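Down below are the structures I want you to see.
The two complexes that follow have chain A in common; it is paired with chain B in the first and with chain C in the second.
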Partner chain A sequence: MIAIGLEGSANKIGVGIMAHEGPDGADVRVLANVRRTYITPPGQGFLPKDTARHHREQVIPLIAEAMAVAKLSWRDIDCICFTKGPGMGAPLMAVAVAARTLSLIHQIPLVAVNHCVGHIEMGRQITGAQNPVVLYVSGGNTQVIAYEQQRYRIFGETIDIAVGNCLDRFARIIGVSNDPSPGYNIEQLAKSKPDPVLVDLPYTVKGMDISCSGVLSAVQEIAASPRFKGDKRKPHVKPELDAADLCFSLQETLFSMLVEISERAMAHIGANEVLIVGGVGCNKRLQDMMAAMSLQRGGKVFATDERFCIDNGLMIAQAGMLAFREGIQTQIPDTWITQRYRTDAVHVLWRN
Partner chain B sequence: MAPAEARLIKQGAEARVYRLPFGPSFAPMLPLPAPTAAAPPAPPATVIAKERLPKAYRHASLDERLTRRRMVQEARALQRVQRASLAAKATGLVPAPNPVSESEAVAAAAAARDEAQTTAAQLSPLLRRAADALGMALALMHDADVIHGDLTTSNMMLRHGHLWAPTTDSTVSPTATPPAAAASAASREDAAATASDGPDGPDGGVVLIDFGLSWMSHLLEDKAVDLNVLYRTFTSTHPEALGVFWRALDTYVGQARQGPYIRRRFETVRLRGRKRVAFG
Partner chain C sequence: MGPATAATAGGTPSQLRLRLPFPTPALARVAQQVLDVDHELKPSETKRTITVDGGCLHVAFQSITDRTLRASVGAFLDAVLLCMNVMEAFPATSDPTPSATISTA
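Right, the complex of A and B next:
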């Protein structure tokens, strides 16, 4: 059985093709996984309208590219999976229109997929983690998730902005490049100095929830202060902090919060595996911190690299196909998209 | 470092918890009067000690800052709830008045979990008692203006005797108290004596632990958010036992100062959350 997945909930558009073969679909093969990113100039974020325009321009050539990489024709495809939400409305719609069109032209059933569930299923497939606590951390989402009774239940989450959003916005303030991604450049800056200064930032853990907006305000304030900008009256004196110090401090603070709530969730439900997914999940520092935590409690950490961590079409194909194999299809009138779609709203039929 | 005579009870996410006799190992922290012939030394009482472990993943200075802050917060909250006659497991120098044996507590928890496979309509008598006790304990804590900050079901313990033997009068019988802690223990006993109407004592058999993320507040909002943390624990971990939560909430509302107002605020807090289908 072969599925094609179309993803475009944020500034990435991705097309992935995946095969589940064998009697119980256990032989999983990746046939194609291509992606384009809408990159904005430093200091600017991506706006829904412009991102949707980017996706509309890219979607047809990208699908053609994926089909060429996989060396398949449309007759070979069993289902077309697309992201229903959550995400930005206009970009989601651009990709959903392409999915519907393909479905009607080639008479292939559609499957609407929850983006977060896509991340979880891709992570589980790639790493082989059986029943992990999942830390899903990206530009739009920050959640600690565990599976319980056919739902991915949210144990903890951010109560305001996502961790990735906090990093992206900080990158804009100090003018870090968005190419290939602001998070990647912050990671590089953070490790560019042998002995960086750790600035005191708010550390807000509330039970299993975290809050990031206060951290952002605090680091914003520091970035606008003479400690970072220097004193105009004393141009020869170097400011005490530079971009590397701030990136380092921001990462250390935010990631400590993430690892702490993951550990709380693990302790609470007695799990010893943790899986990191989402765009921020490919940050090596975060992975290392999670590994250190797991080591201390005799657990195991699973993570994937940027091909599967960052939004991609393959994960939508993976989650869509799991549902499709259980007989789920989405009829055209139900293929609307939504910006709000909780991870725990999906009935996970394919797990016990 | 834990002294040699300490016995490890539990290793949690944040700390190791020990049981140890209150004795010479506390001397560096608290000079005890040297025993004399006239006044023989008090028999040793048991205390629960909590050792916060350094986190390898966290930057050392950040870790130290957090650990210190949480230790202070926890001590402060414990003192406050103790004053409010709520039996809370203690850290450091606060004595444990009526130690529960761990095997009892574990058995009780396991039994509660088995019992929890029911819905609100058909809560077993045992669960009803547990839910009421929980509501009572929460009301006592919030009336002392202590916000727990991490109200998960992992942070609650059932006192075996109280729930399982409702007919016997199992009153609090503190073990001999060391001189240093006598004052606080005495005041607690007084409070317990006045508040202890039923056979279960003031806390009704539920013991709240781990006040590391707690703080002081009298705001409806903070209390409602605290309850919401508990609500979310039930929906995510024990969705089949949500009835326990609702019953506990009813008891809480009846018991706590400004209960009905807190309930109303809780209903609005419950609807919050990212990417929820809330309107439109």
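Right, the complex of A and C next:
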């Protein structure tokens, strides 16, 4: 059984093709995984309208490329999976229009997929994690999730902006490049000094939840202060802090908060595995901090590399295929996109 | 894409009708099904109706202001263009017979 997955809920558009083979579909093969990123100049975020235009331009070449890489024709495809939400409205729409058109033209069933569930299922497949606490952390989402009774339950989450959004907006403030991603460039700066200064920032864990907006405001204030910008009255005196110090401090603070709420969920559930998914899950420092915590608890941490933790079409194909094999298809009138689609709204038929 | 017929009253509301001919009735029906799924973001401001007559897609917009009408029509035409481009890039290998109908998946 072969699925093609289309993902375009933020500034990345990806197409993935995956095969589930064998009697129970347990043999999973990646046939194609192609992706483009809409990159804006330093200091700018990506806006929905411009991002949607980028995705409309790229979706057809990407689909053609994926089919060519996989060496398939449309007769070989069993289902077309696309992101129903959550995400930005206009980019989601661009991808959904392409998916619906392909479905009707070639008479191939459609499966609408939740973006977060896509990350979780891809993470589970790639890492082999059985029943982990999932930390889903990206530019648009920050959630601590555990599976129970056919739902991915949200045990904790951000109560305002996502951790990745906080990092990306901080990158804008200090003018860090958005290529290949602002989060990656923050990570490189954070480890570029052997002895960086740890700046005191608000630590805003609230039970199982976290808040990032205060942290962002605090670091923004520091970035605008003489400690970072220097004193105009004393131009010869070097500022106390540089970009590496701020990047280091922001990472240490935000990631410690994430580790704490993940550990609290592990303790509550009695789990000994953590799976980190989402774009920020690429960050090695976050992985290291989470691994240190898991090790202390006698557990394990799982993470995927940048082929899979960053938004991609393959994760949508994977989650869509699991649903399709349980008989789930989405009729055309039900394939509307939604900017808000809670992780726990999905009925996880494919797990016990 | 065919000619657009605009009928705007002196004041509000703003209205616009589009007639979009497609190569075949089947493709027009595909386009209708693809484009009719998502509702206008603000139904209180803009109403949109899509119908098919043979090989033509007929779209009627009614909006409270010219600005909201322009935004809706612009977004809709972007979606139409993408739909048509996908049809052209990945055509069905066999042409539908005259009695064939495109069923929903």
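Going forward, the second predicted complex is superposed on the first by the 352 of 352 C-alpha atoms of A that agree within 3 Å, B and C clash if a C-alpha of one lies under 4 Å from a C-alpha of the other, contacts with A are read in each partner's own complex, and residues count from 1 in each chain.
Note that in this section contacts are C-beta pairs under 8 Å (C-beta built on N, C-alpha and C of every residue); 3 or more make two chains touch, one makes a residue touch a chain.
Bear in mind that the values here come from a model prediction, so they are computed numbers and not experimental data.
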> Touch check for A:Ile120: first (chain B), second (chain C), both, or neither?
Replying inline: neither
> Once the shared chain is lined up, is A:Ser256 touching chain B (first), chain C (second), both, or neither of them?
Replying inline: first
> Looking at the overlay, does A:Ala292 come into contact with chain B only (first), chain C only (second), both, or neither?
Replying inline: first
>> Per the contact definition in the header, classify A:Arg56: touching chain B only (first), chain C only (second), both, or neither.
In response: second
>> Per the contact definition in the header, classify A:Met88: touching chain B only (first), chain C only (second), both, or neither.
In response: neither
>> Quick check for you: in the superposed arrangement, does A:Leu216 touch first (chain B), second (chain C), both or neither?
In response: neither
> Once the shared chain is lined up, is A:Arg153 touching chain B (first), chain C (second), both, or neither of them?
Replying inline: first
>> Quick check for you: in the superposed arrangement, does A:Leu246 touch first (chain B), second (chain C), both or neither?
In response: neither
> Once bound in the complex, which stretches of chain B touch chain A?
Replying inline: 12-13, 53, 55-59, 61-62, 65-66, 149-154, 213, 225, 229, 232-233, 235-237, 239-240, 272-278
> Which positions of chain A touch chain C when the two form their complex?
Replying inline: 52-53, 56, 59-60, 63-64, 73-75, 89-90, 93-94, 96-98, 100-110, 329-333, 335-337
> Along chain A, where are the residues that touch chain B in the complex?
Replying inline: 86, 141, 146, 148-149, 153-155, 157-159, 198, 200, 203, 205-209, 252-253, 256, 259-260, 263-264, 266-269, 288-290, 292-293, 295-297, 338-342, 345
> Touching chain A in the complex: which residues of chain C?
Replying inline: 30-31, 33-35, 37-39, 41, 75, 78-79, 81-83, 85-87, 89-93, 102-105
